[in-house]
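Structures given as structure tokens follow.
Here come two complexes built around chain A, the first alongside chain B, the second alongside chain C.
Showing the complex of A and B:
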């Protein structure tokens, strides 16, 4: 009885997940592969046949490929600096964490307020006499500006989550390893690359997987800044489900996002794998 | 050639003074032990020599070169850490090779040195393992091998045996002594364990409250403590101290007996527990506790109201409550100045 107790106590939560997560998930899988009650690949051919698919796919990939590495480097730099602080450490962590408390749509709106035609950026440029009338930054003629604005907003919004995970991970590395490396001839940079980074692998795994999954699901920020001018996978899912009322293709899009997430998670797990005896 | 000279090194941590202007010379190839209780400044001094801590004042010279402004890697030192600091993400081979790789030695030389030191430390069969797969003793061996592989001028050791169990500590102690003597490096070894210090050291620096109280050969430190602290810190059980009163013609009254003593105004009488034997005449000791230790018997008693310990031959039965007379060996009696706590020669 005593041995069964933990399982019993975990049972409700497990059932809840099975019923309300795996069951609907199963439905979406089935939905993506059926049409009018018949098994078919038509949803996928329709999806890939649509002109927006490859744009949305590559936009999502490019956003992830730019945002995540930049965030990783920033988070590592910030975490290393925070780690060295003697006072005011938690205060700084709170400040860095502020954007985490804002929903992604709100974050998008904040950046919209900066970039839109009557926004802060136009006001400032006008006040300094750099432009004589407001510019349209986020129009379809200048896609790259929208892209850049999304990149900025995403970096601003979600770097802190990586940093918090990395700060926690760095705190777990005993100081002696760094000192030993220092005594045995490693420069500051070598200590970072040969000792800190390898010992940080478990935290990097968590941070990267979490962040990459978030990046594949980018939606609200893009909608706020570019509407449908800059299509992304999650936006297309939304479009097919609610504007075009085609649940099958929407489900197929969901499958693509899932596939990407699983594939990249596996890549990260594999790349940052720590052999069993090699943990701290 | 690596003589280490420490000139007026002091260290403050905020308002706390960890080291008060320390002067010390460690000769080439000498095995110097820094001995003291925790918080005495011994680890701080070692870390200053290593370059992991900057002195607030003073100079550190290694091999005729002033190094206190240099980073650790430019000092020609290697170090063994208390918790070994064997990198968990590297194999034993790569751990031992770490410093050699940083120094960009050719692969053949790296392999040669790793193999040689691994054999020396009897860990050649562990080279492919990770530190998580090693016992504490094996990790210790890796840490020592890593230091030896550098073929450094100086090896610094920070309580390297304190995390091992008693039996292993004894084994490693003897092995370290042999290996380090053969390597001909200058060694500075920090410990709070006096037995370790006595058995390993060419010279011991006894530290207390940020000062070096005495730096001398182990037997000297034991036989002729330079200060009351050294006598009370070294020796298990430590030295006995009794108040003394100046009497007629240079004699001193100690617990109702007369002894020859120094020609000073005030002094304190001291004798090691094993430097006494039961006799017809001597200090009267009222026995409190008797602890047979095999070859000897440890007797805890009171002499003139002061706690007093004696280590006696175990052939005689002694029981608590008994009053025994103990005769100190005359040339083993030491005298200390009650004011300065220093030894009176």
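Showing the complex of A and C:
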């Protein structure tokens, strides 16, 4: 009995993972490679043949490439500032963590309030006398503004998750390391790059993997700010599944997102690899 | 070169000036980041708490007129209350499912050594390397076959899959933080394993478990993609707002956005103490 207990406790979660994780992922793989019950690559050729595919693919990649590094720097800055604070830490951490609870759709709507034609950006510009009539920012003529709005909304929304992970990670680094470096005359910047950052690698791993994955799944923010004007991979998946009713191509898109996610997770794991003996 | 150097009693050296500039940068940085987080939320609530005519008017005022017409319009809009209620039902079910399955697994991982333990842990961590909302695509078909399509339970099952890895890892770190000696003491005093768990471990772990339950609730409350794929009649609030984005007027969007954000603010406040402890160990 005692020997079986841990397995019994794991049983519900394991069964659940089997039915709702492994089985459906198997289904997606099969669905992306079959059409009408026959093995084919037609789903993929249809997907890549559609004019929106490469735009959606590169939009997603560019969004990730711009947003994630900015967020990493911001999250590290936030965490370092908080670390130095003596009073009011928890209050400040709460404020920084607020966007953690905000959905991508809500974040999109928040930034829509700023960028729409009668929105706050126009009102601010008007108040300073820069413009006298409201500008149309989110039109299809100015794709780059929509892109910029999405970048800002994404940075605003999802920096919190990285900040929380990094703050938690910094809390685990023994103070002695930093003090020792200080004794040996290391400057604040040297201590940050030579002591804190290397010891933070496990947290950076988690933060980057989670965040990069979220970036590949970007969807509702884009829809809220630009409708279908700015295609992204997840949005196209949704379009094929729903509007075009073609589950095969939707599954092919899913495979692309899955492939990107797994590939980049492996890259991050490799780049920030921490040898077994070097863990705190 | 350190902050502590400022108590050196030599005034007006370059060192002091550097420190003063550093101090200014420090507080300016904090101030800017706080504004960066809070001002956009403020704008959303200004819109939600202004009359529809003000929301679409130009130029805007930067404080709300506390006119509840937008909120009323949102509340009375066809399907909104049903969607809100669906969101709550799905989120509560998700919370129960995720904690009901996750907490026992977390307990097993923290208290027992058994063959396959590491395998299970890696498995759970691995699920995070997959874009989970995509699960909704194949499950849509599976649910139609089993009659779970467009039901609250069906969506809650998918959301539970999103929340389960977090629930396992968070409860694992929680239980690991409670000394096993406490349990052993209870056993020697004649408690069964179950009694020791319910009388000793559970009271200690309960606040943390509640925090991870709230986290599961928030995951479900905020999820858009799976909700939009899997529900047609019984939409949740996120799915409802997404599907009506290109037809709904601005006041409805902003009031809806505020309705999504408000519970999140409260929930994050409720679990703020646990956020960092949860992530600290869940990392490793």
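One rule holds in what follows: the second predicted complex is superposed on the first by the 280 of 280 C-alpha atoms of A that agree within 3 Å, B and C clash if a C-alpha of one lies under 4 Å from a C-alpha of the other, contacts with A are read in each partner's own complex, and residues count from 1 in each chain.
What we mean here is this: a contact is a pair of C-beta atoms (placed from the backbone, for glycine too) under 8 Å apart; a residue touches a chain by one contact, two chains touch by 3 or more.
Values in this document were obtained by computation on a predicted structure and should not be read as measured data.
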Q | chain A: partner with more touched residues, chain B or chain C | A | C
Q: Pick one for A:103: touches chain B only (first), chain C only (second), both, or neither.
A: second
Q. Of the partners chain B and chain C, which touch A:262 in the superposed model: first, second, both, neither?
A. second
Q: Please work out whether A:184 is in contact with chain B alone, chain C alone, both, or neither, and reply first, second, both or neither.
A: first
Q: Give one of first, second, both or neither to describe whether A:65 is in contact with chain B, with chain C, with both, or with none.
A: neither
(Q) Between chain B and chain C, whom does A:136 touch in the aligned arrangement: first, second, both, or neither? (A) neither
Q | Touched partner set for A:271, first chain B, second chain C, both or neither | A | neither
(Q) According to the stated criteria, A:195 is in contact with first (chain B), second (chain C), both, or neither; which is it? (A) first
(Q) Just to be sure I read the superposition right, which of the two partners does A:174 touch: chain B = first, chain C = second, or both, or neither? (A) first
Q) Which chain A residues come up in both lists, the one for chain B and the one for chain C? A) 182, 187, 279
Q | chain C partner contacts - residues on chain A that touch it in the complex | A | 3, 5-7, 9-10, 12-14, 16-17, 20-21, 23-25, 27-28, 31, 74, 77-78, 81, 84-85, 90, 92-106, 109-114, 116-120, 122-123, 126-127, 134, 156, 164-165, 167-169, 171-172, 182, 187-188, 202-203, 206, 209-210, 213, 216-217, 219-220, 223-224, 227, 234, 237-238, 241-242, 247, 250-251, 254, 257-258, 261-262, 265, 279
Q) What residues on chain A touch chain B, complex-wise? A) 174, 176-177, 179-187, 190, 195, 198-199, 201, 274-280
**Q.** chain A-touching residues of chain C, taken from the complex the two chains share
**A.** 1-3, 26, 29-30, 33-34, 36-38, 40-41, 43-44, 46-47, 55-60, 62, 100-102, 104-105, 107-109, 111-112, 114, 116-117, 120, 123-124, 127-131, 133-135, 137-142, 157-158, 160-161, 164, 168, 193, 218, 221-225, 228-229, 238, 241-242, 245-246, 250, 253-254, 256-257, 260-261, 264-265, 267-269, 272-273, 275-280, 282-284
Q. Inside the complex, what are the residues of chain B that reach chain A?
A. 50-52, 71-73, 77-79, 81-83, 85, 87-90, 98-99, 102-103, 129-133, 146, 150
